[in-house]
Amino acid sequence: DQPLLLIAGPCALESEELARRVAGEMQEICGRLGISYVFKASFDKANRTSLDSYRGPGLDEGLSILSRIREEMQVPVISDVHDVGQIAPAAEVLDILQIPAFLCRQTDLLVAAAQTGKPVNLKKGQFVSPWDMENGVNKLRGAGGTKIMLVERGACFGYNNLVVDMRSLPVMRGFNCPVIFDATHSVQLPGGAGGSSGGMREFITPLSRAAVAAGIDGLFMEVHPDPDKALCDGPNSIRLDAIEELLTQLLRIHKAVTT
Amino acid sequence: DQPLLLIAGPCALESEELARRVAGEMQEICGRLGISYVFKASFDKANRTSLDSYRGPGLDEGLSILSRIREEMQVPVISDVHDVGQIAPAAEVLDILQIPAFLCRQTDLLVAAAQTGKPVNLKKGQFVSPWDMENGVNKLRGAGGTKIMLVERGACFGYNNLVVDMRSLPVMRGFNCPVIFDATHSVQLPGGAGGSSGGMREFITPLSRAAVAAGIDGLFMEVHPDPDKALCDGPNSIRLDAIEELLTQLLRIHKAVTT
Amino acid sequence: DQPLLLIAGPCALESEELARRVAGEMQEICGRLGISYVFKASFDKANRTSLDSYRGPGLDEGLSILSRIREEMQVPVISDVHDVGQIAPAAEVLDILQIPAFLCRQTDLLVAAAQTGKPVNLKKGQFVSPWDMENGVNKLRGAGGTKIMLVERGACFGYNNLVVDMRSLPVMRGFNCPVIFDATHSVQLPGGAGGSSGGMREFITPLSRAAVAAGIDGLFMEVHPDPDKALCDGPNSIRLDAIEELLTQLLRIHKAVTT
Amino acid sequence: DQPLLLIAGPCALESEELARRVAGEMQEICGRLGISYVFKASFDKANRTSLDSYRGPGLDEGLSILSRIREEMQVPVISDVHDVGQIAPAAEVLDILQIPAFLCRQTDLLVAAAQTGKPVNLKKGQFVSPWDMENGVNKLRGAGGTKIMLVERGACFGYNNLVVDMRSLPVMRGFNCPVIFDATHSVQLPGGAGGSSGGMREFITPLSRAAVAAGIDGLFMEVHPDPDKALCDGPNSIRLDAIEELLTQLLRIHKAVTT
């Protein structure tokens, strides 16, 4: 069996120092536990709730930081792309291109990402059924994409709330793509804090456990040394010093369902 | 740690022979696996989709069958009650009284059930949030109930579909009640087959695995030797000969999260 | 064309004096406006959120009050029934028997109501699609019911919220039953106030206007001289002194769509 | 009072001939009825379900057609923009820039649109509550936008279904923006036809009537001479020869609620 994959990092690239610290600690923990680790941070948060929200360092500076982490620390990196123009520079640096959930139906973005030959991590839109993600997979494959991963990150459930429908995991694995569970965005309360999004951090653990048991290929987590001070998505981030215990528990469950 | 509880049986009391066969096989399997077993079957299906649907043998005949299973086979029994008048005779026979999900807010029914002193298994309505089930628990406790179990069986998700919000499991455990996951009603498609309800049997396994990993005290499953011939809820029942393998897997997960 | 029907009154029978006052004022207003009026109040609120909530005077006293209003004021009366035992006494007094939304699938209750020969007002469950209400209509018709009305009162939309899907109105009219829009329960926030249900009174007017324009046969409204002091459902009740203006506006819309 | 606004046209620019025919007939009908008419068609359908779906003539050719309709027929034109690069050329031709629902949170797109000084028509995402659209309005206003319109086009309701929550109309009018009801996208069944989206054309009329009665400033409709042959969104388009009767009815309702 494949080892679990973990995509993790701070939501946004707040500083190179923070990024290196998280990447380094995660690399060490995952090495110890036998988990494949990919560092994730956004160079630009393109759809924050408010104009005043922190967005990140931008494409050029962000890719430079990610490139140095990749080269100097030997950690694979992933980040999200928001328009066709970002794809070429991003593909020069990133190991995996990620399509944000809101953009999962934007044909040109998917085609351009697939055409780079890089693996593409396609997040399921909050407004899309798991069955319908096959249309997204077909767009990527139709454009030559061969390495496609799909991400569950919750579905719209009334207003300002998401629900994780665990049926989505086996459904999307049925498209012959590795399926990743995004444990931290899944506990967001979109717009639930007025001018920003809230989150219910206490559900990261039970939902992660449930997803691993249902059957997945990897996890996605936002990790921060001090979530209450994170410039983005703090309410739904995991403390860096809590992650090893959680991963250890998840590996026990993974072993229980794969052996 | 407590052993897992399993409430299982055919949806309706189709015949005493079938009931004894299922109870006997389940008792043996659960004994072997170290699971606490309670036999469940309904004497009356009071809310079938259509007048022509099979309803069961009725209160008197149904309780007689359940009583013989209990006495002669030494298997504890549970069944659901639908109005206050059924409570007294049911409490003479049953080990646990079950409140159906649609009736979870009917105050008199809850009060009368609690007043028997018997354990009460309160199913969460498809229209109720897990947080709001505390109101039901308070009604039962206010009427003297001390042994209260809560059941997750899916929440309304658009029309003709249910979603299991795994957050409900830790939320309801927070009320200091054992929490049961109803693995088979959770995969129903209510009204999804026109004049009856459909079901997606293929999701029983991943959802059960997920719920055990999230953390529960027991499971509820409709079991039938030949689900396609069941007189009720066939589309969402488990084959009797498939249950031991599923339980074995669930126990491995339960062990992984409780040790 | 038929005149609009209005079922209205205080949520619960708080006192005979209050009931008479509301019935009298509504009768006068509806007479003036050419609306068929039916007085509604519950003798027992059987599914309040908490044990401590006000429930009403009970079956006997409640039916006595309703009977006097009917006889002495010449106002037809409707009330809801919650179990089979209430049907016979209720049918002796009431002009219309109402089945509560949570109980809309309880076969015995529907059959017993239909067998009285009285008109039955069946509320659509918050967990039922409009298409599936045909099953309820078929149960009533199969038991001999001929005068059946259906009520839209909102559908589950995530937790603690309801949404009125206006598609339900033409769908249910397609079953050849008059369709009533329950303008006040539709703006409830179930469980939204912790130990009780909240409500968004400001949406009664736009939703009523929308429903009349979509096409309905009648309206249902909870009316109270002082909603903030109502013992039940105050947050979603209309002030008695505001109702004539609303009805006048609704009649203008009704005329615009029926001529 | 303001006259009603109507944004209408074929979903995609199938041909200049079709566009001119629809624009001409709509202009004539709206002139007769006293409705302000804006022609809408997309030059590119950027988020079709499948790679093989028809997308339109593209930016350059599409803007040329729209420009000729605007100049030669004296009809104002609107179309949707999908990335920042399209904004400048689109703003040279279009009277109103439209932000698609899936992209309603993409900050750069909103900012660039607002900075043109053109009116912006912002569609509410299927995944956004009406209250949260104030964040989008604030982004546009923060970038200098002054003429902002908001569009209701349905909210996610389970999978493959949308529900129109009529509460959204007064909520969004509360942000001091004209509110448009998109009567045809609101009846889509996203992904409901497997490799494409289905639709329930029979609900266009009752939902439009409801929205006008609830209170709106304008309507958006996809119109086609022969919807069954439309290259895009046929299942939820209105026949061109049915539109005058519908608009006449809607005007009667509009008059009933505004006088």
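As written, the chain order gives the labels A, B, C and D, with residue 1 at the start of each chain.
Note that in this section a contact is a pair of C-beta atoms (placed from the backbone, for glycine too) under 8 Å apart; a residue touches a chain by one contact, two chains touch by 3 or more.
Note that the structure is a prediction, hence the values are computed from the model and not measured.
Participant: Just send me the rotation angle from a CA overlay of chain A on chain B, rounded to the nearest 5 degrees.
Facilitator: The best-fit rotation has an angle of 180 degrees.
Participant: Across the interfaces C-D and A-C, which one involves more C-beta pairs in contact?
Facilitator: Per the contact counts, C-D leads.
Participant: From the centre of chain D, which chain's CA centre is farthest?
Facilitator: It is B whose centre lies farthest from that of chain D.
Participant: With chain centres defined as C-alpha means, what is the inter-centre distance between chain C and chain D in Å?
Facilitator: The mean C-alpha positions of chain C and chain D differ by 37 Å.
Participant: How far is the middle of chain B from the middle of chain C, if each middle is the mean of its Cα atoms, in Å?
Facilitator: 33
Participant: Any idea how many Å lie between the Cα centroids of chain A and chain C?
Facilitator: 48
Participant: Can you list the residues of chain A that touch 2 or more other chains?
Facilitator: 155, 157, 159
Participant: Based on the touch definition given at the start, go ahead and assign the chain network to line, ring, star, complete or other.
Facilitator: Contact map by chain: complete.
Participant: How about chain C: which of its residues touch chain A in the complex?
Facilitator: Spelled out, the residues of chain C in touch with chain A are 157-159, 161.
Participant: Under the definition above, what is the set of chain B residues touching chain A in their complex?
Facilitator: 155, 157, 163-167, 169-170, 200, 202-203, 206-207, 209-215, 249, 252-253, 255-257
Participant: Applying the document's contact rule, which stretches of chain B touch chain C when the two form their complex?
Facilitator: Its residues touching chain C are 46-51, 55, 82-85, 102-103, 105-108, 111, 125-129, 131-132, 135, 138-139, 142-143, 155-156, 159-160, 190-191, 195.
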